[in-house]
Amino acid sequence: MNTKEKAYAIAKAKMYDNDAFSQWLGIEILDLDAGKAVLQMTVRPEMTQGFGIAHGGITYSLADSALAFASNSHGVKSVSVETSISHLMVVNKGDTLTATATEESLSNKIGIYTIKVVNQDEKLVALFKGTVYRSSQEWIKIA
Amino acid sequence: MNTKEKAYAIAKAKMYDNDAFSQWLGIEILDLDAGKAVLQMTVRPEMTQGFGIAHGGITYSLADSALAFASNSHGVKSVSVETSISHLMVVNKGDTLTATATEESLSNKIGIYTIKVVNQDEKLVALFKGTVYRSSQEWIKIA
Amino acid sequence: MNTKEKAYAIAKAKMYDNDAFSQWLGIEILDLDAGKAVLQMTVRPEMTQGFGIAHGGITYSLADSALAFASNSHGVKSVSVETSISHLMVVNKGDTLTATATEESLSNKIGIYTIKVVNQDEKLVALFKGTVYRSSQEWIKIA
Amino acid sequence: MNTKEKAYAIAKAKMYDNDAFSQWLGIEILDLDAGKAVLQMTVRPEMTQGFGIAHGGITYSLADSALAFASNSHGVKSVSVETSISHLMVVNKGDTLTATATEESLSNKIGIYTIKVVNQDEKLVALFKGTVYRSSQEWIKIA
């Protein structure tokens, strides 16, 4: 199993199949690998808020899912401890958002990721930074 | 109209009535005033993720809604520019979360808020800090 | 040795005596206890920047020292992994700043602290949030 | 005056010449342009703290200076409102740090920047994100 297959196996077995909220969001996996994740979703009317635009929590949730997929891809259970997001542009109903997670740093216990979220015009709508704590639990054993 | 009535009038007229996602979340307003908001919701199964616990985006969304209600309560349209959240404890299906927003600083153009999210046992599950930009648009005129 | 004495013993033996930069800053310890620290300093001319006010790094440094004292006070070596600071008011040459660190959450491996920095008029000039990773190394043994 | 000359003129006239703390830090400007800044410094003994390594405030100060130079380079006075920094690796006495600021987003009133700080081995030691508020004051007029 190479790093890409491992990342998909973890995502399938342990996370996405049971991730009811990511499914409600309509998140699709475009790419996964060790320390990487690219996820996509389209904003539906029930995801909007009082200003007639997507609730900030929608963009955050997409980015946070990308953090989870990217950080867990190594096979070690990783939990988010601190995340920040800058909302840069309005996201409208009907927009398609793509989140790309990049691993900035990985030590034995701590991983740092940036996630860029762009819309269908490739405009950056949000910039997310996430810190995870890496436990000693492994997701899967590789035979 | 006092500050409390004004905060509720803004929330009702401009935000909550049209906030489809906050309604999907089941957010209830417990208290509003100038610079303050207390919101509550209960975690449903469709809000959980692959670890069998609430998706980080759910807690963020509740806190972000509290930020929006608190910062817009003064009658000036305010938009979130930067937010961070520390996830401190696991949130489970069935937990009831209460978010309390406090205004830490308010200048002409920038407002800073902290939001504490506790569960039904009064345990702190998340600590959120939000920065808003205050535009020159007013929500409502007071006669 | 009670919690207060232990916090002072750690600060003295392991940190402050060797902390050249905190000494350059002129930081004084007003109070220490388990999970708590109150530090004070006065802004000198060599700490200012091009706008004629204190460099943002000065306020950050004071708050970051408060984080270090508060998080190491339990006797377990703790290192900062992620910190954020909101600069709320201009800090001028001659201002006396007091930073108070509060422990918001403490688990086996992660601690979360907020630090409020006020000036001599008790005005909040900065709001800091810090996340530390707690190693398994102990600072001192209690006989 | 092109964008590069303008960035240097602002840095010289308005900021660096009067920035006592950046001078104490020994910050050198390697490159400036519209929305960009590359700064370098070397860690001296008086910049270290109780763990025998550089105080977190030193790395922050370098990154914060890079934020100031990059965001003010457009000629509009910009002030930091919220910054975060992840400390990824220990910085030792004698290390040479290089901070590179990149503009992620720029609107009329808000700018978002990431600053990466590497050591002499090109290892990433810190990741910084900064949000600035852009006032309506101009630094210099271009004839």
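So that you can tell them apart, the chains are marked A, B, C and D in the order they are listed, and the count of residues begins at 1 in each.
What we mean here is this: a contact is a pair of C-beta atoms (placed from the backbone, for glycine too) under 8 Å apart; a residue touches a chain by one contact, two chains touch by 3 or more.
Keep in mind that what you see is a predicted model, and the values were worked out from it rather than measured.
Engineer: Looking at C-D and B-C, which one has the bigger number of contacting C-beta pairs?
Structural biologist: C-D
Engineer: Could you work out which chain's C-alpha centre is the most distant one from the centre of chain C?
Structural biologist: Farthest from chain C by mean C-alpha position: A.
Engineer: Provide the C-alpha centroid distance between chain A and chain C, rounded to the nearest whole angstrom.
Structural biologist: Measuring from centre to centre gives 33 Å for this pair.
Engineer: Using CA atom averages as chain centres, what separation in Å is found between chain C and chain D?
Structural biologist: Computed value for the inter-centroid distance: 23 Å.
Engineer: How many angstrom between the C-alpha centroids of chain C and chain B?
Structural biologist: Averaging C-alpha atoms per chain gives centres 29 Å apart.
Engineer: Would you pick out the residues of chain D that each touch at least 2 other chains?
Structural biologist: 81-82, 84, 86, 112, 131
Engineer: Mind listing the chain B positions that touch chain D in their complex?
Structural biologist: 81-82, 84, 109-110, 112, 131, 133
Engineer: Using the touch definition from the top, list the residues of chain A that touch chain B in their complex.
Structural biologist: That would be residues 14-22, 24, 45-52, 54-58, 60-62, 64-65, 68, 79-87 of chain A.
Engineer: Flag every residue of chain A that touches chain D in the complex, lowest number first.
Structural biologist: 84, 86, 88-89, 104-105, 107, 112, 114, 124, 127, 129, 131
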